[in-house]
Amino acid sequence: MTLQIGVIGVGMIGQDHIRRLTTVLAGASVVAVSDVSAEQARDVAARIGAKAYATGEELIASADVQAVIVTSWGPTHAQYVLAAIQAGKPCFCEKPLAETEADCLAILDAETAFGRRLVQLGFMRRFDAQYRAMKQTVESGAIGAPLIFQSGHRNPSVPGYYTANNALTDTAVHDIDIARFLLDDEPAAISVKSPRKNSRGGGLADPLLTLIEMRSGALVSIETSVNIAYAYDIRGEIVGETGVVTLAERNDVVVKANGVFSGRVPADWRERFVSAFDEEFRQWIAAAGAGGATGPSAWDGYVATVTSATGVKAMANSSREIIALRERPSLYRTA
Amino acid sequence: MTLQIGVIGVGMIGQDHIRRLTTVLAGASVVAVSDVSAEQARDVAARIGAKAYATGEELIASADVQAVIVTSWGPTHAQYVLAAIQAGKPCFCEKPLAETEADCLAILDAETAFGRRLVQLGFMRRFDAQYRAMKQTVESGAIGAPLIFQSGHRNPSVPGYYTANNALTDTAVHDIDIARFLLDDEPAAISVKSPRKNSRGGGLADPLLTLIEMRSGALVSIETSVNIAYAYDIRGEIVGETGVVTLAERNDVVVKANGVFSGRVPADWRERFVSAFDEEFRQWIAAAGAGGATGPSAWDGYVATVTSATGVKAMANSSREIIALRERPSLYRTA
Amino acid sequence: MTLQIGVIGVGMIGQDHIRRLTTVLAGASVVAVSDVSAEQARDVAARIGAKAYATGEELIASADVQAVIVTSWGPTHAQYVLAAIQAGKPCFCEKPLAETEADCLAILDAETAFGRRLVQLGFMRRFDAQYRAMKQTVESGAIGAPLIFQSGHRNPSVPGYYTANNALTDTAVHDIDIARFLLDDEPAAISVKSPRKNSRGGGLADPLLTLIEMRSGALVSIETSVNIAYAYDIRGEIVGETGVVTLAERNDVVVKANGVFSGRVPADWRERFVSAFDEEFRQWIAAAGAGGATGPSAWDGYVATVTSATGVKAMANSSREIIALRERPSLYRTA
Amino acid sequence: MTLQIGVIGVGMIGQDHIRRLTTVLAGASVVAVSDVSAEQARDVAARIGAKAYATGEELIASADVQAVIVTSWGPTHAQYVLAAIQAGKPCFCEKPLAETEADCLAILDAETAFGRRLVQLGFMRRFDAQYRAMKQTVESGAIGAPLIFQSGHRNPSVPGYYTANNALTDTAVHDIDIARFLLDDEPAAISVKSPRKNSRGGGLADPLLTLIEMRSGALVSIETSVNIAYAYDIRGEIVGETGVVTLAERNDVVVKANGVFSGRVPADWRERFVSAFDEEFRQWIAAAGAGGATGPSAWDGYVATVTSATGVKAMANSSREIIALRERPSLYRTA
């Protein structure tokens, strides 16, 4: 009953997933690892009693491996996901699904040819209790049809190699995905506003306000502030026809001292989304154990890649760009 | 020591100001009224023991009148404000200062020629304790330089004659003014997004998302939702370089019953801004009693009129329009 | 139409009331003052253009004075209130109504003999919007019958002469009155718990937890913390059969910076209750102008004095003491 | 590396723990069960692939069982805990440790004789993130020395056989334990106030206000309301010398509709403490795997039993009762 997992790419994220799968959650066992650094693969394998493979492809092919996690460098995602599909093995892939639209389409084609979902994308927000409550509220009709979704994505700081394009492809991509999830809608056009720059960002175009027009006409406004120092803060509000729903502030305690009340804001994404990651993998273990996947699909990964890439173009040209998507294959039409 | 006031235009707003000046606040007496309806002027005058005048100009000219309040129909504001300036009498004018840029400029010229401020515009938000605390926070440096201001302006419903242009000239104009106040900045360009329409609005382009680029580069995003049913709700958040400041939710009590906690949201602008109106007139009585004005000036009225008119053009053309302002006269340069 | 008021006792509180009546509220004029310090009376009178009287009795007798405010030293309240009743003049008296039960009863007898209410006690909480919303909630049935009221009364510090008895007679007396108001009930028995002392209080028995059993059986628990440093904080929650109602935290803005969200707590009672004081006097001016009084009555002052005095005894004896009240005269039976 | 666990008593709680250990958490395997109903033991065993034992004693003795969970009927706890100690096996025991003081003392003696902790009590609140943050706040000195802890424990309803004694021994016992944890203090005296009864409780003395004087002098005030209908609500506030710390309200989203803002309150203890239970067993699995225990000890179970039993006496006699505790053995002196 224990799912035997191979992990391709054992950097920071890969090791964190291994920790979660081996020490936190029931039902999983990490039996295989590989990495671009053979040494790192061997070290991690030794620590957890797994076997190190020379390549991701060999790991995927191993009879010991029932399901695959892809946490390697972004440009290599597509090849491993395709190999997993060809092997008919369930595959959890961190974003991006692939860095080019062509690779995304190849994956959609392969999975469609296979005939059922094998791929799950690492958009953990879809497993967050707050976003799920937000979606339930919209679906309950309590606020009427959704008209505007305002999302705020704030990081205390980003590394020096981070560019304004990353704000779309790495940061806002989460807001893009959750907007589609919350509104049950697809993006149609995108534009990007670049206000006065945060002086802490060393010239980086930060913050950005990204505007996405959805097919229904609903508008998504995404504020990304990636050098805002104070904390990791995820905000969201949906304005409907008769009401609004807002992500609540959550805190353990409120302290009153020295003339003020106060409470903590999460320090980083790990703290903010720890329960979402747990839930994401709990559901994946169950789905992969049954030979499939659940939650965000390859289709969701494809739309995220195309939308953020179109956003990069819109930012470069200070233009409003149409987002051109393939028709959604029937495999991805069920909720 | 009691300021003797004449009120031009005694419709709903005018009468509410009279009520406040005669039954709530110290230091004022309403001695004169006029109205386009002579009968209504006589009725109100009789009720409060004031004298009814046939025209606003006669009221302004009366020796009994020390200060003037203009709450007549918008298109008539300019003529009365100009008359008050010519008479050298302090004048409180509800928005708009004037409906055309030309009339606004004439008022600026007249007041500048007079040599000191006589005109105060009815942008009551500047006297609201929450906005003042927000401005203090920005000025304290607690959040670093302000980069984005997100404003939400929600009305439960609007009358049938209300048009999408009103959403800019009557509704968002308050957000435009408070943005300038909070950021200590002037608008440079404007564009307007019109998402999916609220089905409650009978075809009205509602909600709108108005984007204003300020001279500093700071970005202002104004959501106007004027048929949102649930309540009158004013939201605001400033994103700075190192933190954010948000208008707090205010409520008298929280009730827990039937599985939920809950509290009231204000029903209308009167409830939301009752203390701001009190403070606005308290400060105006003092300033007018000393022969002048305080708070929002004719300059602020001029910028509001030009900005919202430029927004109307931007919305009509789906374009980004530059906001062209006269150079600020020195009379309006002090804080 | 302006109420001509005489103020007996022009110390800090008296002067604050004078400021409110002359510069904030409509409809009142302070024409007379007196004080135990003739010099202070003259100074204040000169400043506001009133007449200084040698004694409170002379002030009350003056034909110029239509209504009286008693803000003198506590032990002198009874004599002035009685004199005002004998003169048939409306009288606003700060707590206590009188320091002894006998004096309270003399006032009840005098007012009853006069035949209608002239006396209003300075329990300003009854005019606070939050407490009024709390009472409305109870009366609406939203939480079922009230069973427990938990009140918290926190002062940053108290002066050196303040004793544990003051915590009952000066501090908790406000909670006692508001408990009666909220629960529409009378106190039946009282006991006082004295926990570990706050080391900031120089040996003062602080905090205290005072428990009052009401006639209905509802229980009132009052925490008084009078050296708690952080702010002036008034808390309250009513536990009913099916729900609870809690005084909301109110704040102008929330700031997020340095890893925390935060907001101010009021610094002192003036800040916390400024609107309640305004409303208290607004309603008193109207009621006194009509020859009477509104809100908290001499009966409320009597019950407050008896209850807090019984609490002093309970604390001294570590006992539970029965609160013996006269039967409520019909004059005080209407809401 | 997987801990092999035997569960004694597979009623509702026992089965919930089994579910958690087998489907949620890593590192544990349930290999043995027993129950007073042999049939129920066989059914559960069959479902999870464990072995059913005729008695708890046989289960404990089995070489397959490395650690024991006692979730049988309260009066049987002591015998199984003693058997586990005698077998030198780690033992998780739901409250109560034992129903009599004598049995508690026998367990303390046995564990002390064994020489290290084997027993962990099921006071899950100690693993709740909110309470841990509260304790951290106290320990940080942010509010000064703690003086009063006010705890609120509210259940929507209780079954018909529930008595007022249960409000102490089953309900307030959690507040008693968490008070000791938060204040790092022991109870010295107890009294119980029984206000007006909730009419929903069919004559049950509900709510209760239990007052506990701690050895330091700090006061604990526990409100238990066990028929309050609206939700399961756990409140807590510690009043210190210079500040207060309060359990925050936590909610996923806030909805504004129909004139109010609102959000959910947990429906029951499972929802409120789901993460605390996860954490409790995660830590127990680790500690038991190392042959010991962590968190609440047999000593904590002993103090809880004695304190709530003394509370029952205080309630019956309307008296203040001294809580007589054995001296704390050194085994239980480390944090």
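Some notes on this structure:
Each chain gets a letter, A, B, C and D, in the order it is written, and its residues are counted from 1.
Definition applied: a contact is a pair of C-beta atoms (placed from the backbone, for glycine too) under 8 Å apart; a residue touches a chain by one contact, two chains touch by 3 or more.
Fair warning: this is a prediction, and the values are worked out from it, not measured in the lab.
The chains touching chain A as well as chain D are B, C.
Among the remaining chains, B is positioned farthest from chain D, on the basis of C-alpha centroids. With centres defined as mean CA coordinates, chain B is found 44 Å away from chain A.
In whole angstrom, the spacing between the mean C-alpha positions of chain B and chain C is 38. Work out the mean CA point of chain A and of chain C, and you get 58 Å between them. Shown for chain A are the residues that touch two or more other chains, namely 229-230, 233, 242-244, 251, 256-258, 263-264. Contact residues of chain D toward chain C in the complex are 144-145, 147-148, 150, 152, 154, 193, 195-200, 207, 209, 211, 213, 216-219, 221, 223, 225, 227-230, 233, 239-244.
Within the complex formed with chain C, the residues of chain A that make contact are 229-231, 233, 249, 251, 256-265, 267. On the chain B side of its complex with chain C, the touching residues are 21-28, 129-130, 132-134, 137, 142-143, 242-248, 250-258, 263-264, 275, 282.
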